[in-house]
Amino acid sequence: MKNVVEVQPNDGKLAILIPGLGAVATTLIAGVDAILAGRNAPVGSYAEMGHLPTADGERVRVKEAVPLASLEDVVFGGWDIYEGNAYQAARRAKVLSNEDLSACQEALERVKPMPAVFDHEYVKNIDGPNVKSAKSKWDLAESIVADIKGFMDANGCDRAVGVWCASTERYIEPGPVHQTVSAFENGLKENHPDISPAMIYAYAFVKSGVPLANGAPNLALDIPAIVEFAKREGVAIAGKDFKTGQTLMKTMISPGLAARMIGVEGWYSTNILGNTDGAVLDDPGSFKTKEVSKLSVIESILEPELYPELYGNITHRVRIDYYPPRGDNKEGWDNIDIFGWMNYPMQIKINFLCRDSILAAPVALDLALFMDLAQRAGMSGVQDWLSFYFKSPQRNGDVMPPHDLFKQQEDLFVTLREISSRSSVKAPKIASAS
Amino acid sequence: MKNVVEVQPNDGKLAILIPGLGAVATTLIAGVDAILAGRNAPVGSYAEMGHLPTADGERVRVKEAVPLASLEDVVFGGWDIYEGNAYQAARRAKVLSNEDLSACQEALERVKPMPAVFDHEYVKNIDGPNVKSAKSKWDLAESIVADIKGFMDANGCDRAVGVWCASTERYIEPGPVHQTVSAFENGLKENHPDISPAMIYAYAFVKSGVPLANGAPNLALDIPAIVEFAKREGVAIAGKDFKTGQTLMKTMISPGLAARMIGVEGWYSTNILGNTDGAVLDDPGSFKTKEVSKLSVIESILEPELYPELYGNITHRVRIDYYPPRGDNKEGWDNIDIFGWMNYPMQIKINFLCRDSILAAPVALDLALFMDLAQRAGMSGVQDWLSFYFKSPQRNGDVMPPHDLFKQQEDLFVTLREISSRSSVKAPKIASAS
Amino acid sequence: MKNVVEVQPNDGKLAILIPGLGAVATTLIAGVDAILAGRNAPVGSYAEMGHLPTADGERVRVKEAVPLASLEDVVFGGWDIYEGNAYQAARRAKVLSNEDLSACQEALERVKPMPAVFDHEYVKNIDGPNVKSAKSKWDLAESIVADIKGFMDANGCDRAVGVWCASTERYIEPGPVHQTVSAFENGLKENHPDISPAMIYAYAFVKSGVPLANGAPNLALDIPAIVEFAKREGVAIAGKDFKTGQTLMKTMISPGLAARMIGVEGWYSTNILGNTDGAVLDDPGSFKTKEVSKLSVIESILEPELYPELYGNITHRVRIDYYPPRGDNKEGWDNIDIFGWMNYPMQIKINFLCRDSILAAPVALDLALFMDLAQRAGMSGVQDWLSFYFKSPQRNGDVMPPHDLFKQQEDLFVTLREISSRSSVKAPKIASAS
Amino acid sequence: MKNVVEVQPNDGKLAILIPGLGAVATTLIAGVDAILAGRNAPVGSYAEMGHLPTADGERVRVKEAVPLASLEDVVFGGWDIYEGNAYQAARRAKVLSNEDLSACQEALERVKPMPAVFDHEYVKNIDGPNVKSAKSKWDLAESIVADIKGFMDANGCDRAVGVWCASTERYIEPGPVHQTVSAFENGLKENHPDISPAMIYAYAFVKSGVPLANGAPNLALDIPAIVEFAKREGVAIAGKDFKTGQTLMKTMISPGLAARMIGVEGWYSTNILGNTDGAVLDDPGSFKTKEVSKLSVIESILEPELYPELYGNITHRVRIDYYPPRGDNKEGWDNIDIFGWMNYPMQIKINFLCRDSILAAPVALDLALFMDLAQRAGMSGVQDWLSFYFKSPQRNGDVMPPHDLFKQQEDLFVTLREISSRSSVKAPKIASAS
């Protein structure tokens, strides 16, 4: 049964708190500044630009259908292992042109990273000086809790929301320490090696009553301990791994092939990227985490169990190669071997010259806005209606959320309509140029 | 209000009558033989392989949900300007390997084309000897009516359905002669030059009470005279232009870009193909017809009126080049210039090495089966629920059918569920290997 | 017999005078400034960076082998139909980033265009105010002669060289007025419509004793009148059409296929570009000129007369499409249908995301430096040893220069070695960062 | 000093003996049969189709310039780990259509593999029953010697030549056992583990006085022991690794970029292939061998030592992925990041849909014909003038042969002209359709 409680209003300031003030986060901050200044529209943000089809076919601006936080009320903060402010981080990230960075310099310089929880065992290929030290993981979690409270107080924020934008941690199998809240809390106190930094952040956010979305493929929000804790504390969580380049394309094209009963014999995907994410993924442990996140997409959409002749024997390969010349401009090349009538083979090749952070930033923004909305709407635990934004959407209970982008969109619509029906306060100040 | 009449059963033989026994038609006939012989599954045919999601989320085989004709009950016939039988035509078309052709030789040789209605003014770059001559277009129409009846009698068929698979006629603007049934009938008698061969077939099919789908971009079924005639006679019609290669891809990808509010600055599409279709389209008049059919797709999906900043200024170019080395293997190259957050540009390039007739044959089959179903379900006039199969779906009244493949699929599901609710006879003999 | 006269020294200042101060010219000027300031190496310039293999296999810097003008001694000037200085033109051209333009602003602002000879009949899709008017084409030529002299005097230049960088004129067939110097001079006086602006410049340069290279596909230097005039006056000329993107690739790959006796069945080339050149080529007359320049390349290299089974039946198509989203960043897509052992087909697809002016600027520089050298070396008439730089190299007498990039390179080497053997003054000041 | 001995005539039958009767070898045999029957020209074979430019610019058919063996005099034989004849092997390889295989069935069935020397330690991912067993590697070598003699006697052959067409062995570092003939012979007797099957064949061919070319990247002909042995015995050897798809393209394009001084920042190459070669290369040991062979190509051509600003910092990545849907049709995708004037970046992307064995077969044929010629011309040891055909051309003494395809072609011409000058017997029977 859906909750009939009224949605809380979007009054007051909202802190968007980001573990990992790197390429994605600084691009997000710069873009919000540009939108507020009227320099460009919030391109890529469904929450800011999109429409919601009502049950009777009308189209209403999302911002008029549900009470989202206004961008004017947002204050950005976060943690990072590097010390420089967000302007310095953005220059290092080389996502934006110097001209665009200059225009946003003031807004970026305001954001200074708090010292991060970091463990080199979980992310091999980077290191930095701005790191917390404490005698236990429990103390690290408490330090994050204090950071959140301190930031909100200092900035006069009524609410906060978190979006994980830090690097991909190495793959680990969930173990006993991840199964219950109490086992996990003991593990924090005993410095259990299977508790990764991302999990420490996750625990601290939930403990602070602050919803959190996970933009990377780590399992921090998937482990039973955190899911249970979030439900108990009434906190919304959602993951995982921003769906941006190649996987986004896969979830557009696979449903189309399936709709037409076109067979698939093989799908070969290679990615080249030269940013920190690429360097991190050059470590086999981190790549494993990513690969697991990427491989299941096609199979879930094509349903080989229903169509064994069409999809029962697919060779699916995914490669990610660190290639510095590409910088933050990720490039994907996909070769899809399909077959049609009388089994005749055909080929589709897709070369996607994309930009990692440019695609991820509006996803991070939408997640922040919708997670804040969900929290105000009294929705706790896994927000599987936000699968639209994730490469590897987290399940809520037994039902697997879809990978098909269009089914995900429908799920998004359904929930937004439901929230809309419970909202009396609507129509925030419209800050964007759109 | 939907009709509550019960759907007529799928007993007896069904004639599939095809103007244009060329590459698509012979590939269709060969494939149906291969399916009946168990050599391969009906890949690409939703009607034969697909499932229908019920209102409560179950999945039922389409063939079990609605009483489609069985492939075992199908008899193929048609018209062509060349004299040879379908085996000879298939060898000339070079779509299928000699091995596959040998296996289907008997089935193909059975199909001998009736003399065609043809007018060199409408299709410049081909010519052939197997052509009807008569003193008026009226007499030509009467001759088609007689052909249909003769074929059904000779083959013991209870029902028939037509699928236009002949070449693209040159572009013409609809004029007064196309506006009413009586003006059109006068035009037939007076040999009005604006009545094309495809229109003569359309008139004759409707007059014979036989539903007709239009796989080419000509306007034969779109003109008011034929729409009115079809409604009056209670005949189902549907068009136009099989959605196969590049346009199929466009209607998968555009909805995905729109879902994510990713801007589009330009879309450049070029096609190379070397078959008769390519030769015909080398004539500017025929190309114009095709271009009109292809250009509106993106705009319709992206809704620039709602999103002027994202889609208000798209450079959209479509090229088709006759390139003999490619044979029937059409190839498309698309370059899509998109932009994201802060207007940063990105590019998607899609190279589709497809096969024209391999993609079109199952579309022709599905249309034949669904049009026969619609006719038995008492549905007359334009069948806009079949937009899923068309590059340029025909409107029924004022409402434009969608171009978005996934909305088209939903429309297909809705109507099939409605027909299913009226069907007592279901579950045809399942002939395919699947 | 080669000239045994000694090569004149590279003392004094050299004016590089450019009809068409647009994208290519301003990029050239900006880049020379950046090189002189040590901001980057002269990438793409063989004259500035390259080595000459000596007969005994040693490698000598070109600048040490022959007495080229030093970049420090170069002064730029030119003509354009727009009034703004080169900085304003460069901003309009959008080739270089604002940051790079700022660094070169002073050097660019120094260059102000002289009023151009222009005729809208020859270039349809552009127009501008900075145009000479005179009562005859003869007077226009005299005005150019005066411009050249005036510029050299004002800037203290000892020598000058011209490089045509203006737009592609429409295609015309050479007629009687182009056959002899006297017919041409009469034509100038009588305002003969078949004398294009480029021809007027060509006449004026030769009359001024200033060598001229032609970077566009117009026939200005090819007509017998100008060839005869250049020989008579002892002036070096060379054409035509800078070899930059797709044709450059063709002349690399075709020789490789030919070396290996790999057959070619088809070559489909499409180009999209959005700069003024693209707009100009959207006029069929101008495109025809370009197409003629582009089509002969492959045939000349593959020698179908020697290898009819391999190259006797090639479908070669070239498309250029004006596509504004691409700006100055030209993009080519080539599909090459090849065949090998037992005639089995294979395909090569090349997607070249290039930049028109970035590729053309160093070609223009090399031509200026080598034409000045040729003039000082006493070489008059057509300089066919510079075919390396041209899409459609101009013949000198009966012998066709090669299109094969590697044979062109060998011709360049041979002539440079010959000039080197006659040079006593060498080793100019080396200004570049390299 | 070049040898002035006259070239021996091309009388009598020539055995072409092939270790590895798989995809390449059977495609070669089928194609020679098709050429002799006049079904197609010897496409891809320079020896059969090409012309030699003489010193004074004339062009002479290679077959008229030097006394090559006639295809009519060739008898094929070989060794394989599978038992079936070449027809069965060819069907398994799936390179040729069933139609083409039927036409060559008789010629292929005549060729039955002799039992192979095989060691699973060197090639992990395949295995087969038709394998020699002996108590020492010395005995295995003797068995090959006996096979060669037996085959020549049985088929009335006057001469023989070998071409290695078997799988890629795992990478090994040369050790002491490979340094001298005597150490190697001791190693054979003592079953030294570092002596691979390919080395045993190499030893046996040299011992038999039969020249051998190496089409795979193993080091069999590179080790000092074999080089020394070949010189001592007066036997011609040449290696290694047929230059076919992606590397062939690299050696066409790199020289072109270098000619124009266009900078290279990165070169990313990925290959997908699904044949036995792909399966073998899925083993990291075998891939290492291939990777070493592929990586040095670009650097050797671009000369970073001369042009540090242009080529001093290239990220070069090579991937090979086993991808069964592709079968024998190898596919390469290259992304080349280049930069031009003012360091502006551009990109070239090459998608090569090639066919491994179709490209390799004429290379194997040319090597057989030219190695036989070299042997008759009295040329012993490493034939570095055949670098044109190899991915990793073997050095003869200290001089590295070029990778640049056009310099390799020039080396080929120079040596053929030299041999031609010593040949009195020329103009063999011309068997081909050309």
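In order of appearance the chains are A, B, C and D, and numbering begins at 1 in each one.
Basically, a contact is a pair of C-beta atoms (placed from the backbone, for glycine too) under 8 Å apart; a residue touches a chain by one contact, two chains touch by 3 or more.
Just so we're on the same page, UniProt names per chain: A, B, C, D = Inositol-3-phosphate synthase.
Because the structure is a prediction, the values reported are computed rather than measured.
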| item | value |
| --- | --- |
| Proportion of interface numbers common to subunit A and subunit D (over half same, under half different) | same |
| Candidate from C-D, B-C or A-C with the same interface as A-B, over half of contact pairs in common | C-D |
| Subunit C and subunit D, separation of their C-alpha mean positions in angstrom | 42 |
| Centroid distance [mean C-alpha coordinates] between subunit D and subunit A, Å | 51 |
| Interface hub residues of subunit D, defined as touching at least two other chains | 349, 351 |
| Of subunit A, residues touching subunit D in the complex | 265-266, 268, 270, 272, 315, 317, 319, 321, 323-326, 331, 333, 335, 337, 345, 349, 351 |
| Footprint of subunit C on subunit D - complex, ascending | 27-28, 30-31, 34, 40-46, 49-51, 59, 96, 100, 248-249, 251-253, 255-256, 259-263, 306-307, 309-310, 339-344, 346-355, 358-359, 361-362, 388, 405-406, 409, 433-434 |
| Of all residues in subunit A, those that touch subunit C in their complex | 97-99, 351 |
